[in-house]
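The same chain A turns up in both complexes below, where it pairs with chain B and then with chain C.
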Partner chain A sequence: MAGEKAVKYNEQVIEEVVAQVIKEVMKQRGVEQTTQGKKEDYSDAKVATKGTDPKEVVIGVGPAFQTQIHRTINGLDLGQVLDEVKAGIEEEGMHPRVVKILKTSDVCFMGLEAAKLSGSGIGIGIQSKGTTVIHQKDLYPLSNLELFPQAPLMSLETYRKVGKNSAKYVKGERVTPITVENDPMTRPKYQVKAALMHIKETECLDEKIPYIEWNA
Partner chain B sequence: MKRSKRFETLAERPVNKDGFIEEWPERGFVAMHSPYDPKPSIKIQNGKVMELDGVPREKFDFIDQFIADYVIRPDRAEKSMAMDSLEIARKIVDINVPRKEILKICSGITPAKLAEIICHMNVVELMMAMQKMRARKMPGNQAHVTNLKDDPVQLAADAAECALRGFSEEETTMGVARYAPFSAMALLIGSQVGRRGVLTQCSAEEATELELGIRGLTTYAETLSVYGTEQVFVDGDDTPYSKSFLNAAYASRGLKVRFTSGAGSEVLMGQAEKKSMLYLECRCLFVTKGAGAQGTQNGSVSCIGIAASVPAGLREVLGENVAATLLGLECCSSNDQSFSHSPMRRTARTMLQFFPGTDYIFSGYAGEDNYDNLFAGSNFDANDFDDYNIMQRDMQVDGGLRPVREEEVIEVRRKAAKAVQVVFKRLGLSEVTDEQVEAVVYAHGSKDTLNRDVAGDLVAAEDMMKRGITGIDVVRALAEGGFEDVADSVLNMLKQRVVGDYLQTSAILDENFNVLSGVNTPNDYMGPGTGYRVEGKRWDEIKAVDNLIRPEDF
Partner chain C sequence: MSLVAGVDIGNSTTEVCIGRIEGGDIRFLSSATHATTGIKGTVDNIPGIVSALEEAMGKVRLSTSDLEYIRLNESAPVIGDTAMETITETIITDSSMIGHNPSTPAGVGTAVGYTIHIENLSKMVADRPYILVVGKEYGYEKVAEVVNSLGGYIKIVGLILQADEAVLVWNRLDKKIPIVDEVLRIDKIPDEKMAAIEVAMSGQVIRQLSNPYGIATLLGLNAEETRLVTPIAKSLIGKKSAVVIKTLHGYIAENVLPAGELYLKGEDGKEYAVNVDAGAEKIMALSNVAGRLSDVQGQKNTNVGNMFDRMKDSMSRLTGETKESIHITDVLAIDTLAPVQIAGALAGETCMEKAVGIAAMVKTQQLPMRKIAEELQRQLNVDVAVAGVEAAMALLGACTTPGTRLPLAIIDMGGGSTDAAMMDDAGNMRMTHKAGAGELVTLLIQTELGLKDRNEAELLKKYPLAKVESLYHMRLESGEMQFFAESIDPRYYGCVVMLAPDRMIRVEEDIPMERIVEVRRDAKRKVFVKNVVRALQEVAENGDLKRIPNVVLVGGSAEDFEVPEMLTESLSQYRIVCGRGNIRATEGPRNAVATGLVMSGTSAKR
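Let's turn to the complex of A and B:
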């Protein structure tokens, strides 16, 4: 199935992004507490609160989302990613709300935090590199409704479907999960890049503020 | 610059699509030794470890404390730690020093000492060490059995085929996590159709996996992950103590367990604390032992892309496999994840475990085409079956597999698919049509099978859990549905849980449900003429490949 739907990413963009990430991370080599001072200051930001709208789906994005990282591992613009997920939710008549998770960079825990903040109990976690999960507030952290572990295979169409399916869970419909995709060569191609992006994301964690409203 | 045609050609080689990175200890991108690794040390007072690898007790993190309190033998520590690491390494490759003596020495060493010992050995010496230190006398192998559609009928057929091909264990996982109850059940049934006594597991979220095990729908568990730094444990809401409780929960129900860890996981989580992959893995192995697990699945496992990207990365992978055996743990030695575009490189990586033999050379080998492998691809897949059989024959090495005939494969695939069809019907689950069965029997992968009603399956799987269906219900459904022999096998697998002998280190079951473990069939290798030898019936089996040239045809 993986081969059938060609993921439209531009090889050049990927290289550009990765080069940028490597350059930035490398620049900080040897320096203790590398991102100190570079980290965003969220002390004035609005701490996210639990929603009451039963039609709400909360999207929890990673700490580096749209600040230190602007594109997913395969070059998708994070603003567009967010637009697609929101559009998918709205198409089904539900209401998206975006928060930035600052207490964890683990996608499952991010998704669970989003679900707990969501008025409906359904949430989505999206790491800055693109890895995504649909979660529900009463599930175990490492369980999920749907998981998309291979970020390089994600397309804008898939992100729209993620939005749509999450909204369908809110409505209590009998949901057919998005068709699973798999590329056995993802690891050799992307694992080092994934590590570098995740290191960057993890460096942006904030011990003091667990999550904030995010309207970028 | 005008391009050299030689260099242009080389740039197109598969190996140049792989990712490599220079050593970067500050972020943990270093295989065997980081300048920030601690020096081995120990201080014992009143039978208590007061200092471990340069850290005094009051500064222990919870990993240090766990290791100090539950793993290192205080009565042996001072003597073992006083021995030079080089001397211990030499004893390990010395055929005149028995395995037992090495285990005794290593029961008194620290994680940093273990890493230092491994660092003294090159890959050939590490292979010699593995040949001697592996717990079970004969090597084994494990398969992955998965498909993109989470189709339980295909799972059962592939499980049957893999069992027939010689795998001792089979592991499945899901694309859609909620399929877990169906996947576990299909694997249990299919495996017993292919070869009685094959152990099965379903890799899922920990609580789900435990529930499936308690119900008798799996016969072992493997995905209890441990890590080499405290922060990674904390991020996962875990500690060495919580893992010990989980291990005890399995043991209390008579289920075999091994833990999982490996090089690169801390790097990937951004929490390597500047330490080498080998040192962090040594800490994991000590935690594994202290938690009471009989064994480990290690060798970088799913983080192999990280380990393989740094210098000496694949030497480190074998090194950590050997480290496990030095602590007396069963070693299920990875080789289970794709890491390279280069067929040469991926073969070379596997030979390090294939030649000496490990308890399970792969953890596991993709029993399906890699496009269907939901562990994101294994290092070898179903397309490599014949190559693997020929390599066993070429080298006279037991890699755990055997050549099979097409007609017998079709037969067990059909029987397994039909058995699942009957069980689904009798348990009132979703429908399995005759057309689905027929497509699966002859399929290479899920591209050749019919689609199932996924939403319907998920409702039925949830219902199956709500109704409390257990392994005994499966036995009854099989027996009443006309599959008495399969019912008998599944029942025998459940009986193992009561007997408990297969909880011993490195245990597998033969086709008569006899346990073969490191306890009743220990590795007694002490040089040429000793230990496990490929001979007799097993050698005849390996020799009997299908595509022989017949002199009488000419």
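Let's turn to the complex of A and C:
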């Protein structure tokens, strides 16, 4: 009896806390929404096509990337993130190309779409919150070459290394393992923020245009 | 009619063979193999023996109690050990060179200029070529901007970067120049010194700076100075990029380490001394002169002295005998090269240093087989006898290989020693044990490839390699392509992998497949081919190899995927028929001793 009561009590508290947090975030968002919350109109944008350059690595960014969301979950500027990944690819002698994926907000599917557009068959998927995957066009969506699931622990150096590794996959070279931090507290700490950012990204999906060239 | 089991306890596997003896005839019923439990020759072996026996009896639906008696091998009382010693070291003084293999240097060509750190830009003068040294705190865009803006008045002919950004900078330069990156210790590069920089074309290695006259041409050296830079040129061979800095005293020296002397004591009481620096060939030549050895010692308080001390220590621990009573009766020395980090290096350069690998072998007291026999008898309630010298039994078993006849020699290549035995038409037998076998090969592979993990070297010895070139195909070391319908696990992408029977194992180090194959084959050839010839010479009549018509390879190493072929090839010049044994036409090279034990059981019974 006592146990049941305690559970009920906990659930109630959690609901209240979540409601509070959402309310708080919505309030912040409310301010943002007036300036940049609107869904973009991409009807004039150039639809991305499959590349033919065998040295190409396509970076597929999320629907809200640099439009509705400008920083990753741990505050890295998305422009800088993109620059680092591109620099990593360039340093290895390969050619980066950026597209914006509008048909999905799932990082693995984004990575796979990018890979399919890439002349080399290697692509990178980056969600606006920072979660990143390196993919290859022939793999199953949920399989991948490398996944960096803990976005809050990513740094600009890590993004540079992601770019380097993706280029090494193109060259058929052995990749350098990227040391990723692992913090068991990340999940509870960022769960709500991650969920909200993901919802926001998903809201920006566009049913008509699957992907566009992105040169922000 | 009676059921007999032969049991052969080896270092790594325990093999049994079951035979039915009727009158003088033997019918082999079954055999089995189990991993040896515990160290060979201790009662810990019993669980392994029992499981192997049960498995073999189970195959013919019998139980161990149906056995009339069991015959155990009397193993050869030798154990071997190996050690490695580097005998040269390379030291760079005064930061006189950088020579490493950054994955992506940029700009092809050579240039000569004066070194200057980016912080001292203001000290630069016009009409003088400079090589700019940049720390990693400057990003690629900044560096490119600085160099481009100087372009008008000051000539920058080359760049040395700390960060891995050579291509990024190069792509942004108005005037393209050679760039070397990933140089860790740029703080050690002096300012205002004349230096030459070279970056090789992709897929090639540098030409100018690995040539003493090339350096002399670029830096304007006289004959004496050119002689001094020769070690620099030597250590830059095979690099993708390099910088040589002209400093007053800064050269690179190759020191010969005082490795110490080796004393070989012949059985005739004579003692022969040889310096380890002289190399393996001299040591082996002297060992030939000395003949059969009664002991080997190293000079006290030298590298080689300590090495033999350690060996004797570990052997005395294993056998329970005192260190003084351990006598080394055979040594095999092999020259090799080990990649060692150069002292004073700026970018973690390594240099191939000379090293000598030594295998030594020790005769010990009989291993306590008697004890195992008693304990096994108690547990199974079956008569157990220690019967027959291992080599003799292996010979008997090897005779069941189709296509053999007396006189016959067998080679048993194990982990610690290479053993040979030979039986002539009259049934006389000679045998010998030589130091150096599988473990020395492992050590050579580990040293030459600079592996940290001994276990990895062991695996590299055992399995052929392949390079995973895409998710759907890989290139085997034979050059063949193998394709897959399902994707290969992405973890193996771009890696060199070992092909174990049931899985792939990734090679953790970034070493080209061709290099590993070369090192592996070379190590096997150096140890096995050399030792087999040494051993056969000792058992052959008058040391004449041509008097041996047949050589049968038995034991674990005979299952190696390339050693038997190597031996077949190299022994064919003596007109010896040599090949992997096929015991009882069914067992392959395994089970020779166990089979021999059952066969000798008939004569014992009679």
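Criterion: the second predicted complex is superposed on the first by the 179 of 216 C-alpha atoms of A that agree within 3 Å, B and C clash if a C-alpha of one lies under 4 Å from a C-alpha of the other, contacts with A are read in each partner's own complex, and residues count from 1 in each chain.
Just so it is clear, a residue touches a chain if its C-beta (ideal position, glycine included) is under 8 Å from a C-beta of that chain, and two chains touch if they have at least 3 such contacts.
Keep in mind that this is a model prediction, so the values were computed, not measured.
Student: A:Gln136 contacts which: chain B (first), chain C (second), both, neither?
Tutor: So A:Gln136 only meets chain C here.
Student: Classify the contacts of A:Lys189 with the two partner chains as first (chain B alone), second (chain C alone), both, or neither.
Tutor: After superposition on chain A, A:Lys189 lies in contact with chain B alone.
Student: With the two complexes superposed on chain A, say which partner A:Glu91 touches: chain B (first), chain C (second), both, or neither.
Tutor: The second partner, chain C, only.
Student: By the touch definition at the top of the document, which applies to A:Lys168: first (chain B), second (chain C), both, or neither?
Tutor: Once the two structures are laid over each other on A, A:Lys168 reaches chain C alone.
Student: Which of the two partners, first being chain B and second being chain C, lies in contact with A:Thr202: first, second, both, or neither?
Tutor: first
Student: Of chain B and chain C, which one contacts the greater number of residues in chain A?
Tutor: Counting residues of chain A touched by each partner, the higher count goes to B.
Student: For A:Asp53 in the superposed arrangement: first (chain B), second (chain C), both or neither?
Tutor: Touch status of A:Asp53: no partner.
Student: Of all the chain A residues, which ones make contact with chain B and with chain C?
Tutor: 143-146, 174-175
Student: State the interface residues of chain A toward chain C in the complex, per the touch definition above.
Tutor: Per the touch definition, chain A meets chain C at residues 87, 90-93, 136, 138-139, 143-146, 164, 168-169, 171-175.
Student: Show which residues of chain A lie in contact with chain B when the two form their complex.
Tutor: Chain A residues touching chain B: 1-3, 25, 29-30, 104-106, 109, 140-147, 149-150, 174-177, 180-195, 198-199, 201-203.
Student: Within the complex, which stretch of chain C touches chain A?
Tutor: My answer: residues 103-104, 140, 164-168, 171, 469-472, 487, 490, 493-496, 510.
Student: Could you pull out which chain B residues touch chain A in their complex?
Tutor: It is residues 17-21, 24, 26-27, 148-150, 175-178, 205-208, 235-237, 264, 267-271, 302-306, 308-309, 337-341, 370-374, 376-378, 381, 446-447, 454-455, 458-459 of chain B that touch chain A.
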